[in-house]
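Per-chain residue numbering starts at 1, and chain names A, B, C, D, E, F, G and H are given in the order in which the chains are listed.
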Amino acid sequence: METVERRGGGIDAFACLDEERQDRTGYPEVVYCGGKTEDQSFAIIRALHERGVPALATRVAPSLAARVLSAFPEAAFDETARTITLGVFCEPQNRQGLIAVVCAGTSDMPVAMEAARTAEFFGSVVELVCDVGVAGIHRLFSRLSDIRKARVIIAVAGMEGALPSVLAGLVSAPVIAVPTGIGYGASFGGLSALLGMLNACAPGVSVVNIDNGFGAGYQANIINKLGSA
Amino acid sequence: METVERRGGGIDAFACLDEERQDRTGYPEVVYCGGKTEDQSFAIIRALHERGVPALATRVAPSLAARVLSAFPEAAFDETARTITLGVFCEPQNRQGLIAVVCAGTSDMPVAMEAARTAEFFGSVVELVCDVGVAGIHRLFSRLSDIRKARVIIAVAGMEGALPSVLAGLVSAPVIAVPTGIGYGASFGGLSALLGMLNACAPGVSVVNIDNGFGAGYQANIINKLGSA
Amino acid sequence: METVERRGGGIDAFACLDEERQDRTGYPEVVYCGGKTEDQSFAIIRALHERGVPALATRVAPSLAARVLSAFPEAAFDETARTITLGVFCEPQNRQGLIAVVCAGTSDMPVAMEAARTAEFFGSVVELVCDVGVAGIHRLFSRLSDIRKARVIIAVAGMEGALPSVLAGLVSAPVIAVPTGIGYGASFGGLSALLGMLNACAPGVSVVNIDNGFGAGYQANIINKLGSA
Amino acid sequence: METVERRGGGIDAFACLDEERQDRTGYPEVVYCGGKTEDQSFAIIRALHERGVPALATRVAPSLAARVLSAFPEAAFDETARTITLGVFCEPQNRQGLIAVVCAGTSDMPVAMEAARTAEFFGSVVELVCDVGVAGIHRLFSRLSDIRKARVIIAVAGMEGALPSVLAGLVSAPVIAVPTGIGYGASFGGLSALLGMLNACAPGVSVVNIDNGFGAGYQANIINKLGSA
Amino acid sequence: METVERRGGGIDAFACLDEERQDRTGYPEVVYCGGKTEDQSFAIIRALHERGVPALATRVAPSLAARVLSAFPEAAFDETARTITLGVFCEPQNRQGLIAVVCAGTSDMPVAMEAARTAEFFGSVVELVCDVGVAGIHRLFSRLSDIRKARVIIAVAGMEGALPSVLAGLVSAPVIAVPTGIGYGASFGGLSALLGMLNACAPGVSVVNIDNGFGAGYQANIINKLGSA
Amino acid sequence: METVERRGGGIDAFACLDEERQDRTGYPEVVYCGGKTEDQSFAIIRALHERGVPALATRVAPSLAARVLSAFPEAAFDETARTITLGVFCEPQNRQGLIAVVCAGTSDMPVAMEAARTAEFFGSVVELVCDVGVAGIHRLFSRLSDIRKARVIIAVAGMEGALPSVLAGLVSAPVIAVPTGIGYGASFGGLSALLGMLNACAPGVSVVNIDNGFGAGYQANIINKLGSA
Amino acid sequence: METVERRGGGIDAFACLDEERQDRTGYPEVVYCGGKTEDQSFAIIRALHERGVPALATRVAPSLAARVLSAFPEAAFDETARTITLGVFCEPQNRQGLIAVVCAGTSDMPVAMEAARTAEFFGSVVELVCDVGVAGIHRLFSRLSDIRKARVIIAVAGMEGALPSVLAGLVSAPVIAVPTGIGYGASFGGLSALLGMLNACAPGVSVVNIDNGFGAGYQANIINKLGSA
Amino acid sequence: METVERRGGGIDAFACLDEERQDRTGYPEVVYCGGKTEDQSFAIIRALHERGVPALATRVAPSLAARVLSAFPEAAFDETARTITLGVFCEPQNRQGLIAVVCAGTSDMPVAMEAARTAEFFGSVVELVCDVGVAGIHRLFSRLSDIRKARVIIAVAGMEGALPSVLAGLVSAPVIAVPTGIGYGASFGGLSALLGMLNACAPGVSVVNIDNGFGAGYQANIINKLGSA
């Protein structure tokens, strides 16, 4: 059965690093640890590090985080965001352009923080505005002047996902909406919030996958850079 | 094949009027014309009229309306609401208790008017507040003092269906939400608005079927009567 | 990464209490513990308590309950309903207006009790009528005179969710329907009961989210208060 | 392109009559005209007739009916049921065993009549009980003694499809449930009634496809014959 | 909070036995343990036993079984079927009329055995024919003469659920189809088999809920009794 | 608004012919007329013809067919298959390797013929075996020796889509399954057949899109050529 | 029935123009004609025009277009895009910043043109790149240098919706993806493309509603302006 | 309860080996361990082995593997593929015809390896090409010359499932697509990838069930053998 045998002990047996990605798109590959074994994720993070590529890993389980931190003490783990960073893509002092990450409820924090950490890693300044869902809309209005300072807005919400609709009617910045799986039974794992955001009655909203904070942070950062370049 | 043959020429062949309904629930039967043939709907409306029962018919096609009006000139047809009334359940001057029918967009008017006509027929006073969707939320705020006068609120919206969530956080009255089938592709015939309303992040909202203005108007009226009795 | 760093040690890092909620809607905020960490839930309950706001918390896990009871022995935990109350919004002797919580099967009890505890907390009198599903409809009829005394009815059912349809044809009070996730495979986590209730053939029914006993209890209470005010 | 060319002018080009079906199952093939062209349906009905097989055709459009009646004046067309019969499988005087076809609303009549005509054709006696939906449950009770005389019950309903659940708790006969596509938006073309019936809380119910009156009539008849043989 | 407090220590707090069920339908109530706590299930089984009602319980977890067997050594537990019987409704020697339980694969056995145990309990003779799915259709043909002896057939299958379609074209007995949740990803928990069975191209099939072996066994038994009475 | 203005009068304004397709894949582009305007389809067919590319067009409406035949009398239109061919990719006498197109019912013929015409156009010999659905499985067995001569089998079926499962257990050739939208309500436009085929319990089946006869014919032909090359 | 009677003859009876929208968001309201009656759409377009607001109307039926052009000959109608513009928001010579509208197939043109016309109206320069779907990926590569000049990319595709995934891995600009309803049966009205785009494996993609060209054009323009301001 | 009692201690109680399968289809039965108990799976593997049938078992849990390896040390277990082989169907040196198993991401490896092991077992040569998803399409191009050597291609992908569409436009070999459940929320357990693959815009693709690597490997092998025979 030699044909499908794994070649050597490196990551080539299961991964093919996209080393030209930064040339094509401006940003290096990110490691999505969901669905990978801990061994695979660790090996890919190490390989990127060895090649000098600043690494951002998402959906990092605590046991993987412990292993990475043990091997590379300079790595940083955010427990809420479930992210690890190893190496620096953009020095904090060089970050430019404000992104507001606005989240509807406390339960949406992990997704919001994943978005925030991603945007920061790639060079944006991030302001987190949390627990301002539309059920108590004055909370949103009281933070509106802060939100209006942002060049791009990420709106994170579960349940009916109404936050982006309301926000987009109040601001001039583009809104990237992230549905989350928070809610009672008929939220159907975030489907309800996803459909709500896709059907936002206010223009200026586009949507990423359920719980995909990383995707929102990435997209918001490249939009932000477009503006600040 | 005599066993299943229709008996005589009356409506007994296809309908069984619920004549004790008013005794049990306080209100007479209503004629839902959707799915019935024009002959069946006409015969049922006529039969109710002959028995002295004030009739409200919903989902009335223009051709049925013409036939009813021709036979019973005292009937009233609302083209937008697609309702016919024949006979009076509650004299206009005896209507009590204000219901606000708040609708998000112009396209939601037929459903909103069906709700309004139903609630009026059964004895409520109705105020229509239209085109105040959350995309331009100041429009809603500018009408809020009017809406707050209502004992019960019906909120009609398509697309993401966010109006009830926002409203319920601003008022003390119960909100009956009606999703409509208005919207781009992923509104999926009103499913998006339905899920949005069921997942409303503000308490105080309950929901009826997609495009079911009648159901909302009926439920709002009995709630209103509970209060005003 | 200072921008998104949490501010201080208070709940401001992840929550924004809606302190004006009672002014706008007549009732204080309720703590939904689903999706929050135990630390977050505890901190919010404590914060409400410290500000003198009577607290109702739902979806309380046993470990959170133990922690709250240990810190605040005056708190009350209902294991079936999964609710905690800390402080009193309405003294038991001041409760007014009867709400009947009617549930189809024994398995629907947790949702029914969440509804009951919510309505009681906010000031209604509650009567629980359990295991009267339509498979043995005489059980429902034998309790009907009790149910007819209620100003508002909450009907809780899984499987096909037929209870609200049958009930609404027998009573004059508004029926708030709560679908539950109980049933064989094609109940699809409560979707079957939800659709059944939305399509109730009897008018006078509106529906809340799957398993959302809290939402039903809240809505029933404000309807009840409308009547008894 | 000769290989796929149609062979001759007979029905062999598009149909393969199942001539041994009666030997295997006791009943001849039935012609489902949905999806077939009018020419195909006509040719198959004619072919069965020429071979002396009594024919039942379902989902017959008026134009096909006119053509069949013109060619075979002895054929019988039921406009509501959309069925044609040509030839006699069981003489009316030889029909045995009562099947009750119970339908919830007037709009369900076409499906109920398709069931009735099918069961009659194959030799059952059929009693139609219409418009006895659960919204006014006394209508069902007033017909219950009639229904209890039946050996098999077919229950036809749209909307929430609760009729079979209630019926099955009241009778000893097996209930074959037929969901229909009648209802407001979230009936989703009969999906709501279908799920409701599959989740019937009372045992003794099995279900056929949406609007499949034929399937219910056929199944009820073979169950009936099992008993009356 | 006395109003909703549980009354006494009996099962009245959470259950309402349907003691007249046997009078109405010919068979006593069955205990569905899914969704009930172990305490509730045990109490209901004991209560039935104390009232002399022969008890069949389904979806019995091993720990509940151990508890029942410890308290009532005469009870019988079938581990595959997950059923307990306590008391005898019909003595084995009095069982009449053969039901064939035909199942497509080894993995469908628990559902098939639940159907078998139910039909036996209520008085039918049951023959189990297992692992005869349509992928190797000769296996089905080799058992066909046995299957044709049955008065009623229960067909249990997962995956595409084709067994009932093929069977119903080969026999004269009614086929009750039970979809199961067995299969690769797009079986979607049994939805695929359910839809396949509802769309069976051969008449003579009706369907119960996914994994609902009990429902199939119950329905098959009353059909069988109809015939053998 | 010049930037998005259409360039000239050619097809470049709306189409980009994939002229190197034959080099890469061995076969030229095919024109799918669904969703295109009649003008667009005609222009593309003409453009291919002018460049000497043999053209196969699918989903051709009768009016488009008339226009093409009028302009290019040598074109061939198959009304059932809804295909047009203009030019010859493989002379009929050079076709090699037998593909059996097996279809379950008469109503599935349009999809089956689309598959047949596609496979023939690209050089396969096709045998059509129609109306051999599993409801009367002897019909399939009586044609089995013919079917077993084929190198590849296309199985076309609606309703429960069981034909491929049964076939694949009886033959050694690969089976390409095509679900169709034929059936009662819960066929849901072919979803039922699609899921049935994806869940086929016999290995050796792969599936194309609902009603995609073209896709099946194309895939079957390249498999066939692989073998006969 | 005066309370719900329409007030006067103006658009106030059914619409509430959001006149402060431009102040809040930088852009005036757009008229979505889907779901509105022709009278309502016309009245709203006229009202905007009378108040000097440059109007863009989408989903304009030909009969409405004729009526608007007859009343306002200076209006411009794009038949493919189904848009009307009346008045000028940004003079063509003042447009800045390139947006590439890339569409997968000819059938996607109406949605692509709606996006293009919207972005142009609000001040962007638009380049249309059509029929470059991934089935012939060299077509996309041959246009890549053009596409890379754009500041923002709109990717329009039906079927599997793979275009945005491939594009986003090749460019540095943000990609706004628009799913369309083009495809065979299991495209389910665009659901397939929508899910494909939401699950894009390349970061840098966000998604708008099915067929919502307007939403994509609007969002792309505000992103573009962010950059070019 | 003797009728349904298990017969003896052999596998006849729950399984019916399809011993003639190889005669009919050319290949022996394969043991799918999903849904079977460990005892059942072990007994079936042993029974095949005792009859001299080379056994391939899929979805093998580690504990079952340990038991098989302990009993039959010559068995081979692949932990990633979750397969066991016991006995040899085709000696490695006799394998013929190359199949390329191309997978989009590291997380898709278990499914890809199941496909690879299956195809090898039945006699094909397999080349694994992993982590070449379309997000970095140059990775795919760099391996294209290898892939083009294959007679059949298996494409394994989760998320949007675009890999087969792109591949099929670049090669002449048939592509068998396998969707996997890898991805963020709206991948809905592989539904997104499944729909994407069914809607592949390039012809030459057919699809197997979600995560069904076995089905793909089996189908690819029989296609390969067709060619190499």
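The criterion applied here is as follows: a contact is a pair of C-beta atoms (placed from the backbone, for glycine too) under 8 Å apart; a residue touches a chain by one contact, two chains touch by 3 or more.
Note that the structure is predicted; figures quoted are calculated from it, not measured.
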Comparing contact pairs by residue number, the option in D-E, E-F or A-C matching B-G for over half of them is A-C
Would you kindly say which chain has the C-alpha centre located farthest from the C-alpha centre of subunit A?
D
Whole-Å gap between the CA centroids of subunit A and subunit D:
56
Any idea how many Å lie between the Cα centroids of subunit E and subunit H?
34
Roughly how far is subunit B from subunit E, going centre to centre by Cα mean, in whole Å?
43
Give the residues of subunit C touching no fewer than two other chains, as numbers and ranges.
21, 105, 135-136, 158, 168-170, 183-184, 186-187, 191, 194, 198-199, 209-210, 215
Which chain pairs touch, all of them:
A-B, A-C, A-G, A-H, B-C, B-D, B-G, C-D, C-E, D-E, D-F, E-F, E-H, F-G, F-H, G-H
Interface with subunit E, subunit C side, in the complex: residues 76, 92, 101, 105-107, 109, 113, 116-117, 120, 125-128, 130-132, 135-136, 138-139, 158, 182-187
Subunit H residues touching subunit F in their complex are 21, 24-27, 30, 151-152, 168-174, 176, 194, 198-199, 203-210, 214-216, 218-219, 222-223, 226-227, 229
In the complex, subunit B touches subunit D at residues 1-4, 13-16, 18, 20-21, 24, 29, 34-36, 40, 44, 179, 181, 189-191, 194, 209-212, 215
Going by the contact rule at the top, pick out the subunit A residues touching subunit B in the complex.
104-105, 133-137, 158-162, 165-166, 168-170, 183-184, 186-188, 191-193, 195-203
